[in-house]
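I am attaching a structure below and will ask some questions about it afterwards.
First chain written, first letter: the chains are A, B, C and D, and each begins at residue 1.
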Amino acid sequence: MTLFILLFIPLIGGMLAWYSEKFNANLPKKIALVSLLCCWLPLFSPLNNIIFNDNSFALSQWLLNEPHSWIPIFNIGAHLAMDGLSLLLIVLTLLMGLVALSSAWHEITKRTGFFYLNLLWTLAGVIGVFLAIDLFLFFVFWEVMLVPMYFLISIWGYENRHYAAIKFFIFTQAGGLLMLLSLCALVGVHFQQTGLLTFDYIILLQNPISGDLAFWIALGFTIAFLVKLPALPFHSWLPDAHTQAPTAASVILAAVLLKTGGYGIIRFVLPLFPDASLILAPSMMLIGVIGIIYGAMMAFVQTDLKRLVAYSSVSHMGFVLLGCFAFNIYALQGAVMQMLAHGISTSALFVLVGMIQHRYHTRDLNKLGGLWSKLPKLSAFGLFFGIASLGMPGLGNFVAEFLILLGSFEQYPKLTIFAASGLILAAIYSLLLIYKTFFGQIKGPHDSKISDTNTKEWVTLLSMCFILIYLGLHPQPFFDLTYTSLTNLTFIPSNIGS
Amino acid sequence: MTYYASLLSLIPLLPLFSALILLFSKPNKLTTALLAVGSISGAACISLFLNFVFWQQTDFVLTSNLGNWIKIAQLHINFSLYLDALSLVMITIITGVGALIHLYSIGFMYQDKDFKRYFTYLNLFVSAMLFLVLADNLLLLYLGWEGVGLCSYLLIGFWYQDRDNNLAANKAFLMTRIGDTAMALGLFLLFIELGTLNIQDLQVQALSVWSSSNNNMANLCCLLLLGGALGKSAQFPLQNWLPDAMAGPTPVSALIHAATMVTAGIYLIARNSQLFQMAPDVMYLIAFIGTITLLLGASAAMVQSDLKRILAYSTISQLGYMFLALGVGAGASAVFHLMTHAFFKALLFLSAGALIYSLHHEHNIFKMGGLLKKLPIVATSFAIGCAALASLPFTSGFFSKELILEQLIDSGHTNFWWAAVLGAFITAFYSARLFFVVFLGDSKQSPDKQPEKIMSLVLLLLCFFSLFGGIQPSGIQTLMPKLNASGLTTLQHWLPIVLPFIAISLAWWMFKTNLFGKTITVPALQYFHQLLKSGWAFDRIYQVIFVSPFKFLCQLNKSDIIDLHYRALEKISKLLHKKFSQFQNGKLRCYNASLIIFCVLAFAWFIKGALMS
Amino acid sequence: MIPLSWIFFLSLSLFTIGIFGVLARRNLLFILISLELMLNAVVLLFIAGSRYHPTSIANSDGQIMYILILTLAASEIAIGLSLVIHMYRQHHHLDIDKLNQLRD
Amino acid sequence: MSFYYIPSFILVLGSLMILIQLCFKRRHSFAYLTSGLSLLAALFLQLYLQKNESLIEPLFTFNAQTSFISLLLFMIIGLIWSQIYHWLETLSEQKEEYYLLFLLTALGGVIMVSSNHFASFFMGLELMSLSFIGLIAYCGHDQKAQEAGIKYLILSAIASAFILMGTAILYLQFGSLSFSNLMQTPSIQVLPQWTIVCAIIFIFTGLFFKLSLVPCHLWIADLFEGAPLVTTALLATLSKLAAFIVLWRLMNLGQWQQYQIIIDIIVITSIASMFVGNVLALFQKNLLRLVAYSSIAHFGYLLIVLLLINNDKVLFSTQSFNTQTLLFYLVAYLFTLVGVFSILIQLPKVKMLDDLNGLFWHKPFIAITLILLMLSLAGIPLTLGFMAKFYLVMAAISQQLWLLLAALVLGSTVGLFYYLKVILAMVKRPKNDIAFNNLLSDGNNLSLNILILFLVIGFGIFPTSLSQFIQQIAN
């Protein structure tokens, strides 16, 4: 039941938060905080196991496995299971949930109850995505988590929020529908080949389907995940959604929601369609590389801070795609690491932009400048995360990008050379961001009321810094944690010395 | 040995901790200075101690493991430090010169409100540089490599309120980043080819895997590594960030952009000398690039009017010498020159700093003059620095440069020798010019303050090193296979010694006839002068070839072409909606017709089908 | 006996004429009349059908349908006429082309 | 004489009671109760009859499927009926006749869905259409309603004429009007074979009109806008349900898939309906017109089911899966639609999308219900609408109808846009703070909303009991 409890805590917490608004407008955020903290409780035992006796989990892939029946007529189960990979991403989700909460704490003043309901439900949906092992259930979470996110953007967003929210929803849903088709087709083909009607990932994994259709099914899945990632031709929802979303939603979006795409590829596409993904790999890597360069170039010309960061996400997630399809353990570990590191660094940048906007009421790069002299601490954090996003060694992003490039270099050296140019381009836009925002003479009227980071903000940002540094300097525990999940992919011989 | 190992790990960690403490606390200026300088001095003391311990040995190795970093499949990366003769020399220079410059900075930066931030960055830099030098694997080296780049960026743009400084910082970071990316690719290739990133293992593996010399893969790997070195050491064609990097505080220029960071490229090649030995083509390329750079830098230095830019171009030029030496296989002499250069260039920069400090941030040498009497200490140290730079006999620069020239002959590259000698001539010429213009002649500006005592002290110390630092460390001589001494001809022996004097005389003559400050009237000459002054117009070339097209391309796509398609989709659907809505005109007869049209169409389809079959 | 196809085509022609009436006429009354014509065309076919299937058990089906259709036509006209009256009272004309308040 | 007729008889009885009562004294509440009781009685009887064995009479056929559909029909009508009283109170017209016509449409619908003979089908159809005309043009002074009535009269008469023409040709071919004889080879070939296809095309024209499939869809938006709200609800659910069931039975019994042209027509119509319906709804500002257009698209999706019958490329072993799909989709769609209409009936002032502004903040429960219903229509998981779509996709995939699936995905994506706009409208802040107090607040509104939510979300999350029930029926 542990996993179900994990799933239900934010759901119930959200309901309570909404209801509590009737009594006091400040109550919802406290309830949200408590329920987010409660979510750590179910994680206690797996984390404890890993930290203190790390031999046991290496043997079996699943740390926790909870199959239940749901819709027997289609043999659909409410099957939740957790392995190292999902544990890692859930931890990220919960951490970023706290960050989002912290950034919303003072920013959201209207309709707080409903806001926290949506926030918590989005998190619950994401946790569900990471836990669901039944394909149908996965799809359900995949789609449902978008609804509260849609509300977050469309109610609490900025000027052009309605457009952005609808765009976000339609893009991701279109991808989702494609996935539904592929999913049903997969089950159908599997039924034809084995006579077994099942949506269970573990069972489907035993007989990977083959044939022409497998390629198209794999493509359908991949496109659904590419939309979420977002990879190149489907990326255009992201800048709009990020720009218009409130800070907390941006954080969740960048830190967690995008990761479901990468997770989906690693969890489903690669193991379920080993042959098809081999065929897909070159084109996917090409898309990844184009995404890296294109995103970076787009980021370079943006004048809206949030848009800049959003396009940088496109660029960074291109690395994830590259890593997923490079077919070796380095690149895969790198892709997972990139998901974590990008989650933290980018959401930190969004938090920072939120803080700047809260203080100066603008995100326009041309109207900002010289913040360092006014807000030294905040600017120092800005500098740090800007540097992180350009892949400074010693931080998580570097480890990730290094491994991804290393892995993909082994497969496709020429493509990787282009991908590596992303490192230069990342430097260009990150430095531009730092240069335009924090350096130079201060612009605009002096407002003495604007103050530097308060303790809450400081602690939030600092802890994110530390996580990034930890990821950069001691990533080994994370590699170990996901090692089993990643080596279970058929193309990686599991006997590589560990 | 464990005792030494822990001492070794203290060397980079001391400045790191100091930087962290400075970052998270709010000490007053005195504590800041004590902490910063203390940590570096501590590191310097330890390295001196290690020097003392290992003085006799040429073949010692000291390692220390700080922990595990990445371990996936065959990729094992540790935070391991590796000390041998080469890195010992390097850390000695870094901590020694670093400590002096820290000390100097107390005086120089005391008035600055960001005193703490300055020392934080500086400590961080030293730590990163030490990691770079001590790394036992290329990835850790890369960490230090990028770390020093970052600190360089931060310190160039230290006075952040001036946009030009930030632009210079960005330029420095980006240009080195280009090289770094090549280097990263080199790392990948090396790992894939040789299966390790440990530097020592790489040398061994390279010998066994690439059995034949001049293997293509070896060439490629070395070429990629060389890319990193070119960027960091400001070599052609990535040299033009260095003059702009002078926007930072002068001690920073001394430490980072003269003495230490820019030599990282030389260190990288020297460190992997066995690897590079496998790639003679690349070695030749290195020598060639070194030659171009040394001439290019020296010629540009001749005509500059900004004090620090002269020194910057001279740094480029001197680094060119070191590259040339590396390229011809004279690694030891390159490192030797690196060391002496660190001393005299630090001295020059620090004296320039003192000058600037006294003259209220005046950079233009033509607005100075006649300062010999007014700033005697600065003038003395400047004179010594210039002498070493011009490699006048018995200064430290003389020994190292002579060694390089000698080994050029030994290796049989006579044409390179001629270029190097020409470079030496120009070097002496602009050193003399610099000194004459600043310190002799009419007084144009009087200093409003004398340099702080602590600054003078550091200058004097460095004067000592610049004069008497010309002792080649014994350990590094085994760096590359010894070249056969072929013996020099008389001309080859005396020309480099005599030439500086000729150059100085020429400069003196020109100074006396007031040729230096004069505006040039001959158009061709003026054009040439401009070309030189802009450092052979590399900024313009890159602007035209790379920057502008890139910006144009990005601007072209500002509204995201792909997004435009989706927007077009929206427009199309709006159009379709309008079209379909037109039929909803409320007219009953139209609706009647719709039923009948369906019927007719179905029949038509049917008849068509029937006719076809 | 007259071949069935003759009746069939007669009926179809009548039906088509009815359709044209419905399409071409603007007066509501004439449309109703055209509708009657269409229904009558159908009725003709049903009657013919019951005649041409003498052996079938269900040969009376056509005639039953005839009566049903007749009833339908009557009731339709009844409702139709009441609406015609309503329309005339409200608009003072019976031109259905002008009856387009409801539209996009 | 069988029990199967009793529900219909009760309806007849109910309408007669109302008629008799009209002669003596008009009382709204009495008519309301009479109609309600007869509906309820019919509903429960029908529920009781679920377990009876199937029976085939000359005019009617009664089996598990038709019983279930009748039950569904009664439930829908019951749900709509529960809203009528308060709604009628706001009208100035005589109220009692409305119940009469209401019962008659229900009767027509029941007759249609269980008919086994063209005569009974025709009777039911006309009973329903004629009563509909009355229901549509019920408000005599409302010009829009009158216009809608005239349009419906003429169009449904034309449609009837087409259906009759087709029937007549089939009669000539087969010598019988019974549905069960549609497969038999005629004893005497009086007309050439191809006339059968002509007949089918004629019948399709009429039924496609009833289902408002492209290109016979032009009328529906006008009707939805002009007709009284409850009538619209009936029109959207009852008439379409009955017509679709008849179409399905005809396809099934007549094996009409054997003609390639018929398949082509269905495919093209289906795709066109999905496309045109969704595109028309895209930028629509009138809420009812939007619902109308969305229903075009939904019946376009549903047409896919017609292509599944007796196809040899069956993937899932049970042939009844297609029937299950049809039934599930109908249940899901109709319940959702009834839900939408009952919410709209509770918001009588709401005509345009912008009128919904601020609803979410003033009346959260109603708004959430409507949001969930919209999500169900859009097919977002955990709603009944999604399960229906899932059934459809599974069924279509099993027969590899890739073209239609692609159209389905595309259509659903486009569809999302306007469903989201409805949701957005509720969440937006109102321009001027209109009071939302002019709702017909009543006890049964809340319970009804809860019931709808239970149906749409409860069965959406746990569809097992419903699926199993449908599975039993389909086998």
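Throughout what follows, a contact is a pair of C-beta atoms (placed from the backbone, for glycine too) under 8 Å apart; a residue touches a chain by one contact, two chains touch by 3 or more.
In UniProt terms the chains read A = NADH-quinone oxidoreductase subunit M; B = NADH dehydrogenase subunit L; C = NADH-quinone oxidoreductase subunit K; D = NADH-quinone oxidoreductase subunit N.
Since the model is a prediction, treat every value here as computed from it, not as a measurement.
**Student:** Smallest number of touch links from subunit C to reach subunit D?
**Tutor:** When the steps are counted carefully, the minimum from subunit C to subunit D is 1.
**Student:** Counting C-beta pairs in contact, which comes out ahead: A-B or B-D?
**Tutor:** Greater number of contacting C-beta pairs: A-B.
**Student:** Approximately how many whole Å separate the CA-defined centres of subunit B (NADH dehydrogenase subunit L) and subunit D?
**Tutor:** Distance between chain centres, rounded to whole Å: 77 Å.
**Student:** Based only on mean CA positions, could you tell me how far subunit A sits from subunit B (NADH dehydrogenase subunit L) in angstrom?
**Tutor:** 37
**Student:** As a quick test, compute the distance in whole Å between the mean CA positions of subunit A and subunit C.
**Tutor:** 65
**Student:** Roughly how far is subunit B (NADH dehydrogenase subunit L) from subunit C, centre to centre by C-alpha average, rounded to an integer in Å?
**Tutor:** From the centre of subunit B (NADH dehydrogenase subunit L) to the centre of subunit C is 95 Å.
**Student:** Any chance you could list the residues of subunit D touching two or more other chains?
**Tutor:** 150-151, 154, 158, 221-222
**Student:** If you look at subunit B (NADH dehydrogenase subunit L), which of its residues touch at least two other chains?
**Tutor:** Correct list: 581, 584, 586, 588, 592.
**Student:** Scan subunit A for residues touching two or more other chains and write them down.
**Tutor:** Residues of subunit A never touch two or more of the other chains.
**Student:** Give every touching pair of chains, nothing left out.
**Tutor:** After working through each pair, the chains in contact turn out to be A-B, A-D, B-C, B-D, C-D.
**Student:** Under the stated contact criterion, what part of subunit D meets subunit A in this complex?
**Tutor:** Touching subunit A: residues 315-316, 361, 375, 380-382, 386, 389-390, 393-394, 397-398, 405, 409, 412-413, 416-417, 420-421, 424, 427-428, 462-464, 467-468, 471 of subunit D.
**Student:** Within their complex, state which residues of subunit B (NADH dehydrogenase subunit L) touch subunit D.
**Tutor:** 573-574, 576-577, 580-581, 583-584, 586, 588, 590-592, 594-595, 597-599, 601-603, 605-606, 609-610
**Student:** Which residues of subunit C touch subunit B (NADH dehydrogenase subunit L) once you look at their complex with the stated criterion?
**Tutor:** Touch residues, subunit C against subunit B (NADH dehydrogenase subunit L): 19, 22-23, 26, 96-97, 99-104.
**Student:** If you look only at subunit D, which of its residues touch subunit B (NADH dehydrogenase subunit L) in the complex?
**Tutor:** The touching residues are 150-151, 154-155, 158-159, 162, 194, 197-198, 201-202, 204-205, 208-209, 215-219, 221-222, 260-261, 264-265, 276, 279-280, 282-283, 414.
**Student:** Which of the residues in subunit A come into contact with subunit D in the complex?
**Tutor:** Going by the criterion above, the answer is residues 70-74, 111, 139-140, 143-144, 147, 150-151, 154-155, 162, 165-166, 169-170, 173-174, 177-178, 180-181, 184-185, 187-188, 191-192, 197.
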